[in-house]
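Labels run A, B, C and D following the written order; every chain starts at residue 1.
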C-alpha cells in the first residue's frame, strides 16, 4: 500500500477501538469488543466517503455552471451567500437574529454586521465590481455561484409534492429512490485514497458495474409510471440506449481488469502505481471508449436522448417535481461523478500523484487531493462535450453503439490481453519503458490522421455524405421510410 | 408499439411560439401530423379597420416579433400604393438599410432557435449575442429595442443618426467574421450534418404550389426572389445576387435551408455596406425629421374605392398587404386590411413534410422552415 | 383528559396539513409517528424558535434565490425573455433557469396576450405547477391586453384568469426590466415568504415594476 | 446582367395576357393596371370574373399561362350595396420556379437571367376580383386543388369573413377557437370592436368597473 499522510482508516479504527473498549469492553459483553469496533469503523468510513462525495458534488455542479457560462460567453451562476445577510435590493429580512431565544442570536448579529462591513452592498469592492461588470460581486472567498446549487436543493425541499392522478402511484414514488439508492451504492467501492475507502473487497469492480446498471431500470419505471407519452418515450429510449451501451462498457472495463490482473479496484490502482505506467498510456483506445460510453451511460449531450429537451419536453422526468426531481437531478450528477472517478482510477492512476517518484516531497500532499483533481479534470471534458456537440438521433445512437463501439471494445480487449501476456515484465513487475512510449505516440499519430475527415471531392460536388435516411419521392406525405 | 397521437404544444420547446402540432407516431416514426393554430390570434385585421394609416404601423411591427421592420415596411409599400405617394431616394436607401438589418437579426434569431432544436445551446447564445448588435443599430434608427415604428407613409421617421454609418460598418465587419464562428460550430460538427442532412426533403415546384416562398424555395435551387421579380426598392442600384443553394437530388433538406439563411445574412451585410456608400446625400449628413429629403408630403385620406397591394420579400417568404380604402366618409381609415403571412401557409406544408421521419427529426424539420407564430395567427 | 384530546386533534390537523403541502416526504405514517413527539419535545424546550427562525430564513433564502420560470414563449416578450438569458443580460447568473416542464417551475412568466383559445391551457399550466408558485405578467398584452385591448379574441390581461404577483410594463419591456421584475419578486418573497397562491390576501397587493 | 424585371417586360407580357383573356367573353373582363406608389409603377393584371366562371379561368391560368402560386385570398363584406355585398379578391403570382436540373446525377441550381425573360416566363401579379350579391351563406368555387397554397387561405377566409368555398374539403376554423358559435365570423361588418365608441373608456379610464366580454366563459 502507498503510504499516505492521511491514514484515515487506521485512525478511525484506533478511535473506534478506544470507544468500544471503554464501553463494551467494560461491560459483560466484552467478547464483542472487536466486532463492535469493526462495525463502527465500517459505518464511519461509509459516512465519511459519502459525505466527501456529496460535499464535492457541489463543486461539480458549480464547475458545470461556470464552465458552460464561459463557453457560452456568459458569466454563469453568480449568487453568493452574501444575499443571506444583505437582502434583495436593500430589502433585508430585518434583524431576525433577535427573534432567537436566550439571546443566542447576538453573535449571529455581530457576524452579520461584520460581514456587511467587509462584503456588504455599500462596500467599495462591491461598487467597483458592479461598475466594472465583474463576474462576481464582493469578495472572492464567498465563492460566487457556489451556493446557487445549495439554494436549488433547499428549494426542492419546500416544493409541493404532486403525483399525477392517472399515474401508478407506488411505482411513481419508488422510482426516484431506486435510482438514488443504486447510485449511492456505487460509491461504496470507489476509494478516495489508499486508506480512505469504505470497502475494499475482491470483485469490487464487478459489483460496481452491476449496481451502476440498475439505475436505468428506475429510469424506465419513472417513465412508464408517469402515464405520460413523453415520459414513456423517454423511458423506452433510455432502456434501448443503455442496453446498447452496457456491453461496450463492460468489455472496456474488462480490458482494464485484464491489464491490471485484478478485479479489485484498489489493486488496479496499486498496479498502476507499482508498474510505473498509467493505463491511459497503454490503452488510449480504451480510455476514449470508456469516456464515450460513460457519456451515454449518464445521459448527457450528445447522447441525452431520454431527456431530449427539443422533442420530449423534459424526457422521462417530465412529471416529476419537487424533491423527487431534485433527487433524480442529484443522482444524474452522482453518476457523472462516479464516471469521472472511475476514469481517474482506471486510467489516470487513481490517487497516485503525477511523477510521484521523481518530484521530491510531493507525497506530503494528501492523495485524496489527486483523486478529486483528476475527477474534476475529466468532468471538464463532459462539460466541453455538452457545450460543443449536438444531440444525435435515436437510430443513429444505437447504430453507433452496436456497429462501432462494440467491435472497438473487443479490439481493445485483445490489445490488453496481448500487452499483459507479452509486453509485461513479470520478473521486475513493471512495464518496459518502450511500450507506453510506442503506444502513445502511435495512437497520437492515428488520432491526428483520423481527425482530418475533410472530403474535398464531396464538398466540391455537394454530395450528401451523411444522408442516413433514404427517401423515394420527395412530396409531402409521400416519403415514408 | 401501437400508433398513438401526441399533442406537441401549445407549450413545447419545439414550437417556436404558441401552437399545437398533433403527431401520430408508430414507435419512433411519424405517421401523420395535424397543425392547430390560432392560440394568439389577435384580430389585427379587424383592429386596423378602426385606425388611420399611420396608427396601423405599430400593429404591423408587432405582427412578427422576430422581424418587425420588414413587416412595417411591407405595410408601408402597400399604403403608398393606396395613397399614390412618391418616396424620396434617400428614404428608400434608409428603408433598405433598416430592412436588411432586420433580416440579419431575424435570421440570427432563427439560427439561435434552431441550434437547441438539434441539441446545442452554445449556438443559440452566440447568435443572440450578435443579434444584440443588430438590435442596437436598429434601435438608433427607431428608438425602441424591438418594435421600431420606423417607416412613415412617404418616407421614414428619422434620418440616419450622426455616426450611424461608421458604427454600422464596424459592427457588420465584425459580424462577417463572427459568421465563420457559426460555420465552425455547425458545419464542422459531424453530428450536426448527420442530424440535418437527408431529413425534410422538399422540392421547389411543389413548395411553390403549396404557397411556400422565400429562403425555403431558394434553398431548393431556384433563385426566385420578390426583390427582383416584383422590384420595389433601390435593390437595382446595389450589386447583390439572391443567395441560392445547390440542393441534393431528392430536394432541399434542413442543411440547405440552414446554408441559404447563412448566405442571406452575408448577402444582407454586404448589401448594407454597399448601400451606405451609394446613399444620395452621403450617409454622414443628417436631415431633421420631416425634411423633404426623407419624408414626402403624403395625403392622409384615400380616394373612393381605391385599393392597394404590394408583394414584399419578408425574411420568411413573400409577405403581402392588401388594403381596400375608401367607403363612405371613412377615407382616413382603410375599409379592409388583409395580410398575407408566409408562415401561415408554410406551417401546414412543413407539418406534412415531416411524415415518415423520426420523432427527433420533428424539431429539426419544423425549425428549418423558420416558423413565426406572431405573423401566423395575426 | 379534555385538554389532552384537544391537543391530539390539533396536532393531527397540523400534521396532515403539513404533510399535504410542504415536505420532502409525503408518507403520512412517518409524520404521524414523529409529529406528536416532536411537538411535545419542541414545546418543552424553545427549539421551535430556533428551527422556525433559522430554518425559515434559510428556506426563504433558497426559495428566492432559485426561481425557475416556465419556458413558455407567447409573443414578442418571449424574445426579450430569450435575450435576458443571452450574454449581455445574463439571467442565469441570478439563479433564473428556464425549465420546460411546469412541474419543475416556480414562476409562470406570461409574456404575451391571452387569447380565448389559450385561456384554458394557461390555467392548466398554472395548476400543474407545484406550490409555492408565482406569476409575472410581462408586457402590456399580459397586463391589460395592450394594443389589442379592443380585439374580439383577447382577454384583458392575464389577471382575469390567474392571480398575478408582479407586473412588468413595457411593449416589450427590456431585459433589464425583466431582471428587475425578478428582483422585485425576491423582495416580495423576503417579506411574505412562501405563501400558497390560493391565499390572495396573504399574498398582498401585486408589485408594479418602476412604479415607485 | 439585368438586375431585375424592367417595366417594359412586365407591360408587354401583361398586355399579351389580357388579350388572351378576351376569349372568355364578357363573363371575364381583364385590364392592365399599374401600381401607383413607389419608385417603379409596374403593371399587373386585374381580372373581374363572375363567380361561376372562376374555376375555368383558374384552370386556364394554371395550364396555359403557368400561373403557379396563389398568394392570398381576401374576403370583403360590403353591407351597404346589396348587389355586391360580398367580394372575394384573389392574388396570384407567376413565379416561374422550376426544379433545379439534374445533369449526370449532379444538381445544378438555376440562376434566372432576368433580361432574357419574356412571355409566359415573366413574373407577373394577378388580382382577381369576384362579387356576390347579398346572401346568408355566400359561396364561391374553391381552387384549393389547383393551387394547394389556396387551401389554408380559403379556410381562413371562411373562418374570419364567412365566405364559403364549395369543393373545399376539410373546411374548419383555423384561427378562432374550435368552439366558437356557428355563424360567428368577426370580420363581417355588423360585428363591432370592443369599445368601438370610446364612451365607456372615458367613463372609466382606469377600467376598474369593466369586465371582459367573456368573463363567464373562461376561468
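In the analysis below, a residue touches a chain if its C-beta (ideal position, glycine included) is under 8 Å from a C-beta of that chain, and two chains touch if they have at least 3 such contacts.
What you see is a predicted model, and the numbers here were worked out from it, not measured in a lab.
The minimum number of touch steps separating chain C from chain D is 1.
Central chain assignment: B. Criterion: smallest distance from chain C-alpha mean to the mean of all protein C-alpha atoms.
Chain pair with the most C-beta contact pairs: B-D. Look at the CA centroids: the one farthest from the centroid of chain A belongs to D. The distance from the centre of chain B to the centre of chain D, with each centre set as the mean of the Cα atoms, comes to 20 Å. Separating the CA-averaged centres of chain A and chain C is a span of 32 Å.
Chain A and chain B have Cα centroids lying 44 Å from one another. Chain centres here are Cα averages; for chain B and chain C they lie 36 Å apart.
Residue numbers of chain C whose C-beta contacts span two or more other chains: 86-87, 100, 115, 117, 150-153. The set of chain A residues that touch two or more partner chains comprises 72-74, 309, 313, 462.
Of all residues in chain D, those touching 2 or more other chains are 107, 176-177, 186, 191, 193, 196, listed in ascending order. Put simply, chain C touches chain D in their complex at residues 115-117, 119-120, 123, 144, 149-153, 155-156, 160-161. The touching residues of chain D, when paired with chain B in their complex, are 3-5, 35-40, 42, 68-72, 74, 76, 80, 89, 91, 93, 95-100, 102, 105, 107-112, 114, 123, 125, 127, 147-153, 156, 160, 173-177, 186-187, 191, 193, 196. By the touch criterion given at the top, residues 68, 71-74, 229-230, 233, 236, 301-302, 304-305, 308-313, 387-396, 453, 462-471, 474-477, 479-481 of chain A touch chain B in their complex.
Touching chain A in their complex are the following residues of chain B: 1, 4, 6, 8, 12-14, 28-29, 115-122, 125-126, 129, 185, 189-195, 197-199, 201-203, 206, 210, 246, 248, 250-251, 253, 255, 349, 352-353, 355-363. Taken together, the chain C residues at the contact with chain A in this complex read 21-24, 26, 46, 49-50, 53-54, 57-66, 86-87, 90, 92-95, 99-101, 103-104, 106, 128, 130-132, 183-184, 186-187, 190-191, 194.
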